[in-house]
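One structure is given here, and the rest of the page talks about it.
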Amino acid sequence: MRGQVVVRLKREVLDPQGVTIGKALDNLGYEGVGSLRQGKVFDVELETNDPAAARSALESMARDLLANPVIEDYEIQLLDEGSAGEGLVTEEEGRA
Amino acid sequence: MRVGVVYYPGSNCEQDAVYACRLVGLDAELVWHKQESLDGCDALILAGGFSYGDHLRCGAIAQFSPVMKQVERFASDGGPVLGICNGFQILVEMGLLPGALLANDGLKFRCQDTRMQVEKTDSPFTNAYAEGQILRLNMAHYEGNYFADEATLADIEQHQQVVMRFCGPNGERGAEHNPNGSINDIAALRNRAGNVMGLMPHPERVLTPELGSADGRLMFESLRVALTGMASAENTEPLEVIADV
Amino acid sequence: MSEIAERPRPQGDLASEAIALEHGMTSDEYAKVCEILDRQPTVTEIGMYSVMWSEHCSYKSSRVHLKTLPVEGDAVLQGPGENAGAVDLGDGIAGVFKVESHNHPSYIEPYQGAATGVGGILRDIITMGARPLALLDSLRFGQLDSGKNRHLLDGVVGGIAGYGNCMGIPTVGGEICFDPSYDKNPLVNAMCFGIAPADRIVKAVADGVGNPVIYVGAKTGRDGIYGVSLLASATFDAEAAEKRPAVQVGDPFTEKVLMEACLEIINKDLLVGMQDFGGAGLTCATSEMASNSGNGMEIDVALVPRRETGLSPYEVMLSESQERMMLVTTPEMIGDVMDIFGKWDLDAVVIGKVTDDGLLRVLEDGVMVAEVPAHSLAEDGPCYSRPYTIADPPEALCGADLPCDVDPAEVLKTLLQDPNIASKRWVFQQYDQTVRYNTVQRAGGEAAVIWLKEAGSDAAVAISLDGNPWYAGLDARRGAQLAVAEACRNVACTGAKPLGITNCLNFGSPEIEERMGQFAAAVQGMGEACRALDVPVTGGNVSFYNETVETPILPTPVVGAVGKLDRYDASVRSGFVAAGDTVWLVGAVDVSDAGLGGSAYVREFHDRRAGAPPALDLELEARLQRFLVAAAAEGLLASAKDCSDGGFAVALAEACFATPEAARTDAAQATAPRSALSGLLGAEVEIRASGDGVHAALFGETASRVVVSSRAGDDVALAALAARHDVPIAAIGKVTEAAQLRIDVAGETPVQEDIQELYATWSGALAQAMENN
Amino acid sequence: MRGQVVVRLKREVLDPQGVTIGKALDNLGYEGVGSLRQGKVFDVELETNDPAAARSALESMARDLLANPVIEDYEIQLLDEGSAGEGLVTEEEGRA
């Protein structure tokens, strides 16, 4: 199965990258951009075909390694064999 | 003959580049990224550092600075443009040089001396070197791992665009002599016309043996030869350092 | 006082004594606030007092002791009290420097904690109007067999690198020690050195009634607000507490443009005063600037740029968001100031003005929410003489007490791969050490050497940061003396004359008598050493409460020394230069009386934490340092290497590793095969020691001992110069072409080793400890 | 409206970060991880409420700035006012 872990800075944490990119978009003439924040996405291929097992593996990877619980939250999506983003199966959110 | 050193918010090697130019008798001055014109510069250096904090991708945001339209025109008119470190990253982001720069294979910032061999001396930046000469420059970067896809790479090699490659003390090649994982050990790369060159190591940090090595100095001397035809024009005047303290 | 009472009272909830206690204040401190105000304070006001009167800002437990340190000297331009100290480097140049700790944040989030620590010390230097030229770091961790400690080291080094590299300021030196006492309480101390014109050091003042007060830099968020328990209390909604980020995220890009803009403003003479927002944020900057000028200040927090909505005045006044500065300028100059900030795309706003009534008045949208005498916040904090007990210094531990049958060559190899002694290349390779093209000697030598090129000078400074925690753990007073001696000796080894020191005193809880005793003794020892060596203290930092329930850290006084070299191209390096050169021991040359207390050898092979740390004869130390400086000035030293961790044998091996060619060709990965390495030299020496004293002679860490080498033609002159300085010197052997280390002791040859192999062991050990676990 | 641009390294480009994280997961005892690749996600708040306008703004931001066509592909998602990931409205993929 394929899965995805999206890791984002917590809302209240400063995101210097997002701020700089937002300003750059302003300078490029993009108006109407309210805010921009940058996160990370991990595309993981898992050998298991059991959604529950896959989800719990992703969950613990996110907690143990992919997200820094002090400043980041994560979100998990399980995808079918199709391309990333398509075939949304389920999703879970957590304060890492 | 004047060299313009282009810098951006977050650049931090612009004064070193000006110093290096002046050391070899070239007139040099800073060009702020918001300038609309190049004020008649005869060569350009895009300085190293962390333009815009290296946010998004190194060099990605700097390519949109107001002055860059002029830089692009200057380059396409055949003017000499040298991108050092972040300057190299900006040149590839702009597409003035092919390929891209990825994170070092060790996934760490690395500051160290590194060896590279000069392959092409028919260039405004290397004409004072001997072909095959092995240089010791200093590097300091996180994203200097040069990458190009197969077709691009073949094209680069075919058109003799690789100016220098990382190597060992006797010119030997191999992973242990390649400090960042660059494909084909590419250390310095030029465009097809030869007037635009980028490299990750810093020639402006190796100008005198007292500070490690003088091997970078010849790159600036080459530029002087290209601009003035003068093979030796040692600056005998005391150097005016940009005093901003 | 009565004047205040007649004025309208600030709006907002009143703070009871209970609320003050929740802010970590004492009942007496609360009473003192009520007396100063002649009324009950508001919650916002008590928040402001609690941070300004905290240990961190007011030095209430340490001040009585710190007062005893020598702070004056010919070279001192600025002693303790401002954001950083300054010494005179000649030619109108001031050297501005300071060290500061960021210990607790680095344990919670190592990357960001260390990064913001670097950001903080940089702002201290910039605030003095100086351009930072170099960073150094002193780090302490638990041992690397623990994954947690490897994670901490990796993160901390990454954070220091991430911040300093992006700022374009080379990180050129420092030190690291590993000891179990730092397991739950690592130490991250960062030092910065910068230069300013001697006649234009900027102060944190708010002169000129009516002058505008400018806020510039990052927007304010809820970072690092104290009074945690209070936020959860009825006065504040629980949600606000939830929203407080546990750590601050550093933004070196913003700090870089902030630095350039501020320096441009100073260069154009558009400034009255400047202060960074350090601990206690806006409260600290406003009250200190006003108080320093005997003035008052009025600001409106509604004008402060924010990162999120709904911040209360309390939060705005106490926020510790990074990368912010406060400037005072004049109405005439403000247009030019704002233009410069505009050039650098920085957010800058006028948030208030200087007043004449001595009061710090905080408004929110025109409504007064706090009004307190600025002076009372900044200067009237409590000062305690806490009770302490100083332990008796332990007896010396001698070689004869410690029989050891391990082959000395094996001891040497083991010590060389102890992460405490092994090359720190894995660390400093991640630091940009060469940006700005001033770095004459990078990390890896005795002290970093930085050319003052930007001031148009041929002079250079040498900087070293040192503090052996095991010595201080055994005897805090002598440990502090030894730290001063080593830092200055390292500087002198390059040929530079030490001019002043800064210090960071990392200790446990001042409320425990033994820990307070360690602190008192350390300050006493530091003062004694500074007086003897004639190096004043120009500033520093105290970090208390470095302990967990189970253990306190080893008391850790860290000393940063700065010295001056007249010529940048004449500095002496630590490695041997040429075969045939004579190898000497200078200073404490008698290897037979080496005490072993606190040494790496005893830790490693006897598992003992006992005995007195190395003896230190401060008079001899002073003469030795003067001799080193004189010998370098006369060009008589080919190399100089201090004997410290690991003792004489380790120092000798390191002098073989650091030959100029090796230093330069060492380009390949630390973990890669050493095939690329060339140019290593060897040494053949003979020392005298009685039979069972061999280990003590080779691995004892006697202070004031330096291995130097000289060209054969200089031998006579060098010996004569040593005699003139009344410094013992002994020729012990030669530098050899063959890369072999041979040490003869009393007719035997306990050490005869291949330098290539020793080098491989030493240079790869730390990377191995980090990567192969 | 809220939108999302996900930027991923092209398949043929080596992803050293992903490889390293994959190894770390191995070391932590995660078995059955076939592959792991790391990408970036940009959460953008747009002032417009017109999906077509929003999509085209995101599209051109991605093309102009957020992705480097030499090494990266991007993918766009438009989200309603709900939380990230929820309320998938539409999606588009592109070789930048």
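Each chain carries a letter (A, B, C and D) given by its place in the written order, and its residues are counted from 1.
Just so we're on the same page, a contact is a pair of C-beta atoms (placed from the backbone, for glycine too) under 8 Å apart; a residue touches a chain by one contact, two chains touch by 3 or more.
Please read these numbers as outputs of a predicted model, since none were measured by experiment.
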| item | value |
| --- | --- |
| Contacts common to chain C and chain D (chain labels) | A, B |
| Between B-C and B-D, the pair with more C-beta contacts | B-C |
| Chain A and chain D, separation of their C-alpha mean positions in angstrom | 9 |
| Cα-centroid distance, chain B relative to chain D, in whole angstrom | 32 |
| Centre-to-centre distance between chain C and chain B (centres being mean Cα positions), rounded to whole Å | 35 |
| Geometric centre distance via CA averages, chain C-chain A, whole Å | 38 |
| Where chain D touches two or more other chains, by residue | 65-66 |
| Chain C residues counted as touching two or more neighbouring chains | 251, 253-254, 345 |
| Per-residue multi-chain contacts in chain B, two or more chains | 52-53, 55-56, 61, 64 |
| Chain-chain contacts as defined at top | A-B, A-C, A-D, B-C, B-D |
| Partner chain D, residues of chain B touching it in the complex | 56-57, 60-61, 64, 92-93, 98-100, 102-105, 107, 145, 147, 149, 181 |
| Complex contacts: residues of chain A adjacent to chain D | 6, 8, 18, 21, 24-25, 28, 30-48, 57, 61, 64-66, 75, 77, 83-86, 88, 91, 93 |
| Chain B-touching residues of chain C, taken from the complex the two chains share | 130-131, 158, 161-162, 165-168, 194-197, 251-254, 256-257, 260, 263-264, 267, 343-345, 428-437, 439-440, 451, 453-456, 568-569, 664-669, 672-673, 675-676, 678 |
| Parts of chain B lying in touch with chain C, wherever the complex brings them together | 9-13, 15-16, 19, 32, 34, 48-50, 52-55, 106, 108-115, 136, 138, 140, 142, 168-169, 176-177, 179, 202, 204-205, 207, 210-213, 241-245 |
| Parts of chain A lying in touch with chain B, wherever the complex brings them together | 16-17, 20-21, 24, 27-28, 38 |
